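Here's the structure we're looking at; comments come further down.
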Amino acid sequence: MKIGIIGLGRMGAGIARRLMRAGHEVVAFDRDEQAVAALASDGAVAASGLDDMRAKLGTPGIYWVMLPAGDPTEQTVTAIGAFCGTGDIVIDGGNSFYKDDIRRAKALAEKGARYVDVGTSGGVWGLERGFCMMVGGDKAAVDHIDPILAALAPGIGTIPRTPGREAADNEDPRAEQGYIHAGPAGAGHFVKMVHNGIEYGLMQAYAEGFDILKGKASDKLPEDERFDLNLTDIAEVWRRGSVISSWLLDLTAIGLAKDQDLAQFTGSVADSGEGQWTIDAAMEEKVPANVLTAALFARYRSRVDHTFGDKLLSAMRFGFGGHVEMPQ
Amino acid sequence: MKIGIIGLGRMGAGIARRLMRAGHEVVAFDRDEQAVAALASDGAVAASGLDDMRAKLGTPGIYWVMLPAGDPTEQTVTAIGAFCGTGDIVIDGGNSFYKDDIRRAKALAEKGARYVDVGTSGGVWGLERGFCMMVGGDKAAVDHIDPILAALAPGIGTIPRTPGREAADNEDPRAEQGYIHAGPAGAGHFVKMVHNGIEYGLMQAYAEGFDILKGKASDKLPEDERFDLNLTDIAEVWRRGSVISSWLLDLTAIGLAKDQDLAQFTGSVADSGEGQWTIDAAMEEKVPANVLTAALFARYRSRVDHTFGDKLLSAMRFGFGGHVEMPQ
Amino acid sequence: MKIGIIGLGRMGAGIARRLMRAGHEVVAFDRDEQAVAALASDGAVAASGLDDMRAKLGTPGIYWVMLPAGDPTEQTVTAIGAFCGTGDIVIDGGNSFYKDDIRRAKALAEKGARYVDVGTSGGVWGLERGFCMMVGGDKAAVDHIDPILAALAPGIGTIPRTPGREAADNEDPRAEQGYIHAGPAGAGHFVKMVHNGIEYGLMQAYAEGFDILKGKASDKLPEDERFDLNLTDIAEVWRRGSVISSWLLDLTAIGLAKDQDLAQFTGSVADSGEGQWTIDAAMEEKVPANVLTAALFARYRSRVDHTFGDKLLSAMRFGFGGHVEMPQ
Amino acid sequence: MKIGIIGLGRMGAGIARRLMRAGHEVVAFDRDEQAVAALASDGAVAASGLDDMRAKLGTPGIYWVMLPAGDPTEQTVTAIGAFCGTGDIVIDGGNSFYKDDIRRAKALAEKGARYVDVGTSGGVWGLERGFCMMVGGDKAAVDHIDPILAALAPGIGTIPRTPGREAADNEDPRAEQGYIHAGPAGAGHFVKMVHNGIEYGLMQAYAEGFDILKGKASDKLPEDERFDLNLTDIAEVWRRGSVISSWLLDLTAIGLAKDQDLAQFTGSVADSGEGQWTIDAAMEEKVPANVLTAALFARYRSRVDHTFGDKLLSAMRFGFGGHVEMPQ
């Protein structure tokens, strides 16, 4: 198929290249001319802007927007929306908030165009290994771009099939190939958002566990209850047949193998918007989510030395000391 | 009544003086001879040690141990246990772990003596205002020392009676006088322990609320959603008819009135053992206690710059960046 | 002053009556004609609708909207906005989301009118005791309605002044009188929102503490570590000089005095929007708020028998049992 | 080597068989004579009791105790301790509390014997795939039983080596073979305990995420923000190249593939002691562990319909309604 790709960063360029390898035609645009040139040298058609892309794609066209969430994506989708018409498909492959997807899909639908949101996990390895994709949007549009999605997906590879799914997977192999049509516009990014919320929870579970392992060497503990544990080896052995083996544990093992003290890291941990949106969603649904929330808050807390609340605790404790009357 | 008091720190001395004011005879001992002398000058009988105290109290005697929990209390109770006999009553007014009370009561009972644990809230204001006391131990022993407890308790004062309790309070006025016989040995300290667990939760609720109020001035927020709130006035107004008025809020208001920025505090917050024991109790009972636990953990967290767990999160995130293969 | 009051439910009627007692003139409207008639018989001027109210208030007028948050308030403010002009003041005394206040204030300002948001704590007792109020809006407008606010506030009453505030309170007595001008439009409801967030946290701290007390009678515990505690008396004694005394504890003592088992309650606990908005605000500010969040989630959890997540845990545990291959 | 195995349940029998396949000699005992007979028919030497086992093992002997933690293990270790002597090695392969290990190791050491604790993950698949083992105890003893551990371990299999560990793994291949000597007695079970604490956290992260996905179909949400998501396909697609792929997710996918509604499960979730001990350890070390604790508490909460605390919240809310005076 012919597809336009706007945004040629690491993800966008990887997508473009993986599509070209699978025989698709890519029209590529980025504000960075060098990024365009690099891709053109690999076989893409260079576009100098959205109008040029449209000319080169023809109508109707497929536009894959691969830009940072927020203003860059919003402006680009709006710009495409200004000229698009019946049959055009606009794909947002970034990390947009799913309610923005719902709004954009409605706006495009008024012009006869369709909007597809693709939540993507897999990062920089996607070019080689494929991208795990959660897709939202109109069924016909998603089916139409299926060759694109199938080319980007990792495929079944060496990961065993899930027992009990064989019949369903033989009928519709997309899930086991690594992509799904999750539902209408927004559903793709919603599922990806929850995915990231879970990711925070998983990461924090490991973080706390290793904190407890490390703290076991503390000289505040009774001497015969102290253990000076080798965290590097523990991470490694848990990869080997334990029930907590995971890809995040693999990363942990790699990180610890480099430096058991992780001295290169300050421990000030960023969060993207998706963790927060996940908690928003939980609250809208009235679903308790203590673990996911605690994981998010641990990141907030990692970025301040002392909260004002901590100082307030100290002030109250100071107050106990005799400087105020007891209630009577 | 005649009572021996071991430990003449701020609490012990306050108890001794309040008892003498009520006409009780106090035999006083402390390792610090000056503390003994100060109390003797107020009318107490000075004792030079436990043996001397016993001689001056006569047998059977009442011993009130008012020492730090842990070794000091344990050693003193053990020492009294070595010579005590039928009819003696040993009171632990400190913050012992309630399972220690259970053990000590059994040991003393074998010698015919009785052990009473008194959990006390009220701090340095107790001398003037009285102590709120939660008492555990054998009923006959607790009844025997009732004149002591009644003298120490705050009494009904200006706090209104609780509607619906009038008949019960007229029959047994102890609760509304500010002390209760909570149950057998250990029950007093158990109730006091949970009291402190709740205290941590209440304090943290205020701390987080004020943190959110203060954070509303952050320049990371959209300009028209920023408020530069006067926390001092907010604490004050909440004391005035709001549903979250409390003595801890009074302390908050006082602390903020001195300095809205609480600049004298670092925000490194200690915890006594009682918060931890409360969570232990919750787990033994299989009772979920997310708020009390989060309050305790916030104090732990306040005392470290960055956890090792935080660094591990960073290491995993670093791993996403392309330095490891995705699972396949 | 002359003021129109729209919404004559328990809160609105209480406000109207307290204002009339203080000598203010009230023009009253409610969809419920009987509510209007009842207030008219107490001296209010009855209005048959907003237009009639406007005629009877004259221009510029002061409108106090006391309706449920959401559509009722929004529609009424919009309706007033349609006819209002220079000098009019529209007060929202309900529980609106503070971002709605910010938006409405802007819309009204374009017509020369001003919007004031009043967060109110105190409930049904406000008529007699006064309302604790947190006010947002344009300073001139808030100052203009100061006689209204002063009449509604509880006044200093028997609650002691806060040490260290005397000079400030003598200069501006509003906070100790029970109301504050918190900031621009929205600030009043924002402060009230956080107030409610804290309230949830405080309530849950008590709830968990009493849960632990009650669970101590469990026959799963070793027999000599079980206590059958009198929760009613414990709540009462903690009111008496302990550091966790509060108005919420007073309510707890009353509830337990009626029935120690609380058998009339199912334990399915509602939450208003304000707890959720507080967590939203915390996340926008990147402030960790584990206690307030856990308190909110405990309410969500109280309203479902079993979460789907619980079932998923069981499914995973079932999977351990041999029905799936270990990772290798 | 020659080894006695006490306890021939699924795990014990699996261990015995895997050892025999590797050429080790097993002397087997269980209270259940049929279990002994079954193993004898596979080549084990049947023992009729501990004394008989000792006779058949000779001295010094290696005893692997594979019984439920608590009394069964304690009694057996004590019984072996009664007759053992210099050179004997007692291995506890169950889930003992690590402080019990420390105590037992000291007791055995007084007789010249050594105690080794082996925390094992891998469950019923261990026979075929091997057991992931975390081992505590005296270095010489652990080295002595290395052939046993090596035979039980899964070996490197198809799991890729961890980059950066190659040199270390070539020198000491145990970690990548699936077992480690974690430290002195107790260290093995301590590491296994934290492993299980992490497991709870991971499971709860998935549980909450799927709860949020499922809740997205709620008819309380605005109609255009509802998604009726296929959880089965979502679990599957996340196995395919996403960053949250794990063995627990594989189990989730299998469970959902059987029944997307998980209708066979009630959602009442058990917990072993290890989650609780992990939190105990965190508190002893003063390490905040909000996620692991919330995961544990979610299980407690899953087993009660309504907590007493929930009812107390309702009672307080009822109190707001006018049945008590506001603070003044």
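As written, the chain order gives the labels A, B, C and D, with residue 1 at the start of each chain.
Going forward, contacts are C-beta pairs under 8 Å (C-beta built on N, C-alpha and C of every residue); 3 or more make two chains touch, one makes a residue touch a chain.
Note that this is a predicted model, so its numbers are computed, not measured.
Participant: If you average the Cα atoms per chain, which one ends up farthest from subunit A?
Facilitator: B
Participant: Based only on mean CA positions, could you tell me how far subunit B sits from subunit C in angstrom?
Facilitator: The computed centroid separation for subunit B versus subunit C comes out at 31 Å.
Participant: Where the CA atoms of subunit A average out and where those of subunit C average out, how many Å apart are those spots?
Facilitator: A distance of 38 Å separates the two centres.
Participant: Distance-wise, how many Å sit between the C-alpha centres of subunit C and subunit D, to the nearest whole number?
Facilitator: 47
Participant: Send over the residues of subunit C in touch with two or more other chains.
Facilitator: Each of 122-123, 126, 129, 154, 157, 159, 163, 204, 206, 208, 211, 215, 241, 243, 245, 247-248, 250, 254, 286-290, 294, 297-298, 301, 307, 320, 324-328 in subunit C touches at least two other chains.
Participant: How is the touch graph of the chains shaped: line, ring, star, complete or other?
Facilitator: Shape of the chain contacts: complete, all pairs touching.
Participant: Which residues of subunit B touch subunit C in the complex?
Facilitator: 99, 102, 121-123, 126, 129-134, 153-154, 156-157, 159, 162-165, 168-169, 174-180, 182-184, 186-187, 190-191, 194-195, 197-202, 204-206, 208-209, 211-213, 215-216, 218, 220-221, 224-225, 227-230, 232-234, 236-250, 253-254, 257-258, 278, 281-282, 284-292, 294-295, 297-298
Participant: Touching residues of subunit B toward subunit D in the complex: what are they?
Facilitator: Residues 160, 163, 241, 243, 245, 276, 279-280, 283, 286-290, 293-294, 296-298, 300-301, 303, 307, 320, 324-328.
Participant: Give the list of subunit D residues in touch with subunit C in this complex.
Facilitator: It comes out as residues 122-126, 129, 154, 157-159, 203-204, 206-208, 210-211, 214-215, 247-248, 250-252, 254-256, 262, 265-270, 290, 294, 298-299, 301-302, 305-328.
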